[in-house]
Amino acid sequence: MKFTAQQIANALNGSVEGRPEVEVSTLSKIEEGKPGSISFLANPIYTKYIYDTKADIVVVNEDFKPEKPLTATLIRVKDAYLAFTSLLEIYQNSKQQKTGISPNAAVAPSAKIGEGVYIGDFVSIGENTTIGNNVKIYSNTSIGDNCKIGNDTTIYYGVKIYSETVIGNECILHGGSVIGADGFGFAPQQNTDFKKIPQIGNVILEDRVEVGANTTIDRATMGSTIIRKGVKLDNLIQIAHNVEIGENTVIASQSGVSGSTKLGKNCMVAGQVGFVGHIKIADGVKVMAQSGISKSFTKPDSLIGGSPATNLADHQRSLIYLRQIESMVKRITELENKLKEMRGE
Amino acid sequence: MKFTAQQIANALNGSVEGRPEVEVSTLSKIEEGKPGSISFLANPIYTKYIYDTKADIVVVNEDFKPEKPLTATLIRVKDAYLAFTSLLEIYQNSKQQKTGISPNAAVAPSAKIGEGVYIGDFVSIGENTTIGNNVKIYSNTSIGDNCKIGNDTTIYYGVKIYSETVIGNECILHGGSVIGADGFGFAPQQNTDFKKIPQIGNVILEDRVEVGANTTIDRATMGSTIIRKGVKLDNLIQIAHNVEIGENTVIASQSGVSGSTKLGKNCMVAGQVGFVGHIKIADGVKVMAQSGISKSFTKPDSLIGGSPATNLADHQRSLIYLRQIESMVKRITELENKLKEMRGE
Amino acid sequence: MKFTAQQIANALNGSVEGRPEVEVSTLSKIEEGKPGSISFLANPIYTKYIYDTKADIVVVNEDFKPEKPLTATLIRVKDAYLAFTSLLEIYQNSKQQKTGISPNAAVAPSAKIGEGVYIGDFVSIGENTTIGNNVKIYSNTSIGDNCKIGNDTTIYYGVKIYSETVIGNECILHGGSVIGADGFGFAPQQNTDFKKIPQIGNVILEDRVEVGANTTIDRATMGSTIIRKGVKLDNLIQIAHNVEIGENTVIASQSGVSGSTKLGKNCMVAGQVGFVGHIKIADGVKVMAQSGISKSFTKPDSLIGGSPATNLADHQRSLIYLRQIESMVKRITELENKLKEMRGE
């Protein structure tokens, strides 16, 4: 499908500067712009690319002032980044949507399936499980017994959802994620063999949660492991039993949260971070990559980093001092020498 | 199913204090106790919850002395934690057990299948593979050729077991775990392209091993990667080729063990720890979270931490000194100033 | 199958020393050598094992000089390590190869399947996807629409390949790896809920790429995430959207590369390393385990380590000084005391 600059400007509530009739059929990054594509400029760092981009149209902020002549047609909008995100959505939605239930799927007789669903090949759905409307479940996914999946949720290839899991509306679960496996709980015994503690709780994902590829979220020992509304989890993350992640918190790849720890709302956690168990993190806390969080942080909106983690300012100051450690040793030695000399030692 | 306090006390070999006829149908945590549930109190930190808990029954240690009046009925036992674990087991076993072979499974003609097994939808079992009695294999799991799975082992959804893998009795493999993929071995060549070293060994899991979701255990180059009896591995762990993990050792999530390293018995390894290859760790060693183990530790029962890891006491002392580094710089500067003054510089 | 020392020597272009008629049927490590097996000695550290090994034949370098009598028959070759790797290959190739399309596979009518392929049970192949010649796809693997898989590529159990992915020739993808899931991109909005940025790009794996078990490689937001020729990725690695990994670069387990970062050719990255987004790493850079790479490193062939990473020599020197920190504090205190004494304070 092709659209003209004018058509796109109308859709984005923007104004055209250049050739309103120029047509594009795809999207590209400004530094990799191709003929027949539309791009965008939001971050000033990329401004240098706009003068030479081969993209035919560039979406820019209303107040963009070119410093050189440019060949691309501009569409001026209030927020170029959000407008382009809308274009990406329109483009993606224009692709043919999967629908229908594969004859190769195995749906238990007692399962309830909503309307407009897609269920791919080799999907197994257990007893008494409820699947909402417009849910898409891609091939080789397993869903256990007594689960509940809300409306408009997408579950990609090979996801494993254990029994009793509850998933809200408009969630996205990526390939290979495992929801509801047993928490890691063992009681030490006298003979040093461990006794497994049955994990009889479940996992609850509220609405609009996104779970990355091969991320694992364990079921609670008792009660629920809870991922609140709007949480976004990247790939290869570990969420242990009885954890609670607050609304709209975002966690980057390969981070792990140990048992019973509670993260607040609107937190941002970078990659490869580890949280010990049984701690609380306040709302809006931001955590640096590779940090190790060994205690609760109760001050909202604080920045923390390091392993063990401290206030980020303290951590960064200690990194600066660490770089001086070699010179510190030299300065101490020099002081000692001078003092010896003065004391005639 | 409902049970009275008296029935439960009889099962746990305990004594009732309160209403022996009160009935419960589920279990809960003391701080989240609900009417109709039984809870327990073992860790003194939670004692404050017992006076207000809505659980109808609480299992406590024999010597528990309430300091305030309480409404819950008590069951006094020798070890409240272990007794409650038994209740969790009874509860879990009361759920209907999966059994039978799905018509959607694909079992190779030469495979031998034991009695009382459950084989779910879309399970593929390879040639000459032997499955023991009472084994449960959940949907979308793949088991290669020439494997051997012991009795009473449970393999959850979407597990991948490569050919020649040997798994013992009473093991539990969680969703998405990968057992027996090729070790990571490449021979450098003159033209800087790498030549793959075929990995012709296998993986052996002994009895009562538990493997977490999406954990990976690579096959040996030659010989076997061995996980000894009673080992418990959490989620997203990497075990490289030719590694050996000693009996009853427990490893937390996202840790990794590099090739040919051997861990002793009864070790406890926290999360996000890394071991380099070709080292040995003595029995009973405990490793702090996020440590990097770059050499062998041969003293049994030692505590180690840090990256690179040292004796934990040394590591913690160095963390304490690190927090003084800013004041050290100030003290050095002050010393220099005083000395300059004294020397008239 | 059995082979004599003479037959093997001929295949390896080597010479026999001992009994040319001795027969072996398998391979073993020299320290675990078994009767009826052939072993090798390349690394001098293992020389001590050659005098007692039970392996009947040992492949050694041309210039190997035994210091004691030995019972094993030797085969002398130019490079014992590479020669033995060839034997491993011959051994592995001698196993029966999988072939044919399972009646339990689901191949979309519009997919194009090459010659000599193996497609296992419960493999789902999407619309307009092209599978090259001699490709092997193991059970429970999902391949989306519009993908292209080159010749002689092997895809093990339960791999998830999203739509539009392009995979070259002679690649190996291990169990549970996820190729082409959405990159982790969200636009913050005023109400603190995040808006998903559609990820319309794809993933390209060039020829001879190996991807480890449960490794995840995200599709680009726009354009392609690119893994160049000969790259080897270990297990549980995260490759984010729009990343590019240069030719023949090797990355060990549990490392992660954040969005838009570009690694050069022939880099070697150890385990549990993290790279922040939007940086460039020069060709031939080697990175120590558990490092955190927070900025670009533009000098080819440099060694880097630490978190945040620096030149490895600097990092190691700072580790040495760190070990002196306790004595530094003592030295400062002593200086202060002496100075006080001298100043009569």
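Each chain gets a letter, A, B and C, in the order it is written, and its residues are counted from 1.
In this section, a contact is a pair of C-beta atoms (placed from the backbone, for glycine too) under 8 Å apart; a residue touches a chain by one contact, two chains touch by 3 or more.
These numbers were taken from a predicted model, which means no experiment stands behind them.
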(message) What's the rotation angle, in degrees and to the nearest 5, for a C-alpha fit of subunit A onto subunit B?
(response) 120
(message) Can you check whether subunit A and subunit C touch via the same residue numbers (shared by over half) or via different ones?
(response) different
(message) For subunit A versus subunit C, what separation do you get between their C-alpha means, in angstrom?
(response) 26
(message) Give the residues of subunit B touching no fewer than two other chains, as numbers and ranges.
(response) 122, 140, 158, 176, 214, 236, 254, 272, 322, 325, 328, 332, 335, 339, 342
(request) Within their complex, state which residues of subunit B touch subunit C. (result) 106, 122, 124, 140-142, 144, 158, 160-162, 176, 178, 181-182, 184, 186-187, 192-198, 200, 214, 216, 218, 221-223, 236, 238, 240, 254, 256, 258, 272, 274, 276, 292, 294, 307-308, 317-318, 321-322, 324-325, 328, 331-332, 335, 338-339, 342
(message) Using the touch definition from the top, list the residues of subunit C that touch subunit B in their complex.
(response) 27-29, 32, 81-82, 85, 88-89, 91-92, 102, 104, 120-122, 138-140, 156-158, 172, 174-176, 208, 210, 212-214, 230, 232, 234-236, 248, 250, 252-254, 265-266, 271-272, 289-290, 319, 322-323, 325-326, 328-329, 332, 335-336, 339, 342-343
